[in-house]
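Order as written gives the chain letters A, B, C and D; numbering starts at 1 within each chain.
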Amino acid sequence: MLTNKMIGVIGGGQCSPEIAKLAEEVGERIAQNDGLLICGGLSGVMEAACKGAKKQHGTTIGILPGDRTSDANDYVDIAIATGLGEARNVIIVKSSDAVIAINGEYGTLSEISFCLKLGKPVIGLKTWNFDPGIIDAKDATQALNKVMELVR
Amino acid sequence: MLTNKMIGVIGGGQCSPEIAKLAEEVGERIAQNDGLLICGGLSGVMEAACKGAKKQHGTTIGILPGDRTSDANDYVDIAIATGLGEARNVIIVKSSDAVIAINGEYGTLSEISFCLKLGKPVIGLKTWNFDPGIIDAKDATQALNKVMELVR
Amino acid sequence: MLTNKMIGVIGGGQCSPEIAKLAEEVGERIAQNDGLLICGGLSGVMEAACKGAKKQHGTTIGILPGDRTSDANDYVDIAIATGLGEARNVIIVKSSDAVIAINGEYGTLSEISFCLKLGKPVIGLKTWNFDPGIIDAKDATQALNKVMELVR
Amino acid sequence: MLTNKMIGVIGGGQCSPEIAKLAEEVGERIAQNDGLLICGGLSGVMEAACKGAKKQHGTTIGILPGDRTSDANDYVDIAIATGLGEARNVIIVKSSDAVIAINGEYGTLSEISFCLKLGKPVIGLKTWNFDPGIIDAKDATQALNKVMELVR
């Protein structure tokens, strides 16, 4: 039974310390709200978010672009090796009940696009902001409050 | 030998008559420039562009989301049934030497994102316009002039 | 950190009561050996194996062919909605440290083929048996003994 | 309009001169029967079959595992860069009206499995032969005769 909500975290594979701190807080809040964190499993925003979730004893899932589960960052519990490259982005979106976009560049934009196309709630933190469908949040706590309201 | 350039056309599965006319002109220009037209193979912008290419005896390729080649529009010569849903979008981008985006919504935006991420030239006609990486064109002829310069 | 081994279970979406019992035992053994059970997330062998793992408080992961996590059977903890159809089969193989094939038909055969191609250990229980690369086991306990030796 | 039949050719990326000769003959026969040849686009059986088709002025399509169309062998007219690795195998099967398997190893076996699962006619030439669903042929001419009967 899928009792816990699956919350996607998307963002760049490289990020500033400030963004990493924000991603870590998002990860903490996801775990504190009993969400499962799903992401691309690599470094940057993904790693920071997984680190935060593990601090709070949450569960983390990485949907990797490559062929090896060992590509996952150190805070991934369950590593899925898709071997699909960028095509794996849409799997993160389809598997999430809601998605939190943190900063990020064009890969993140592709995932936001899929959220908007598929009608999946997407909350934005310091990220692309060109469409009313991207729900703005001012910090990690507000992002999770909005997510939990949307997926209840 | 891959002697002809592969030109992607991306855009909505539904479109206005005005956009369809523009897409048809783009298809004609692709064929007149000896390009191979690759697209998602369905209706709307994709069908209009294929129709234009066939008017000029070009070759058209449809990368379909579903399991059946019979899903292709009537102007597709070579139908590829991926069965991958939206994940097929990235295949269109990877297979193109350059991409022309015509109007379109979130699906088109995902493809533009993949172009920008992968460094694939993308020319825009009445489409998303939020990034300097999207090369603006005013009509079909100018779009093809820019494409042919970029892929030479 | 990927501390627990990921054990794939592959087999038909429909199966006899006898095969379901065998799959359930395999699921129980995986959990008892601290493995994570990964499978296609649907009915038949997949459901029975997940049911067995949950009896022993294990963790179950379903890599679904469709677009919705709600397609997962009732014993899946973590549902990944790939939207890729049969192309998702290779993801199960790539994500597993070893695979146990139970009965099954042509879909199972495609997964066994990917195991053999990619050099992933595959243990067979009442399944396809045409290649020395498929390691035969006589029951669930022996299958897990062989798996745990191979992935240590 | 999909007026020409799409005929898949599957087989190993490496092969003996004898198998290459057989694959080349199959390619020639496909072109002589106005079929479009679709394959994995790489070397070995795929390259030999494409070479044969081009000798007879046929059209060849390569569904590549990697990210670059330049990975295609020299006899591919239309190169599709999927970036999906082995997951691209199922695209070849879904896009074909019928498939001819020539020799081959486990990758070929995965494709034969998908043919049998999806009910796609598969003709075998010196290949896996463990299932009555694989239609045996003794040479290239007989293989094409059987294919053309099945896809008419």
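Note that in this section contacts are C-beta pairs under 8 Å (C-beta built on N, C-alpha and C of every residue); 3 or more make two chains touch, one makes a residue touch a chain.
Here the structure is a predicted model, which means the values were calculated and not measured.
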### Task
Could you work out how far chain B has to rotate to sit on chain C, using CA atoms and steps of 5 degrees?
180
### Length of the line joining the C-alpha centres of chain B and chain C, rounded to whole Å
40
## Note on the structure
Between chain A and chain C, the Cα-mean centres are separated in Å by 27
### Query
In whole angstrom, how far does the Cα centroid of chain C sit from the Cα centroid of chain D?
30
### Summary
Residue numbers in chain B touching two or more further chains are 67, 83-87, 90-91, 118
### Query
Classify the inter-chain contact topology: is it line, ring, star, complete, or other?
complete
### chain B partner contacts - residues on chain D that touch it in the complex
1-2, 6, 36, 59, 61, 63, 67-70, 72, 74-84, 90-91, 94-95, 97, 118
### Query
Along chain B, where are the residues that touch chain C in the complex?
67, 83-87
### Task
Sort out for me which residues of chain A touch chain B in the complex.
84-87, 90-91, 105-107, 109-110, 113-114, 116-118, 130
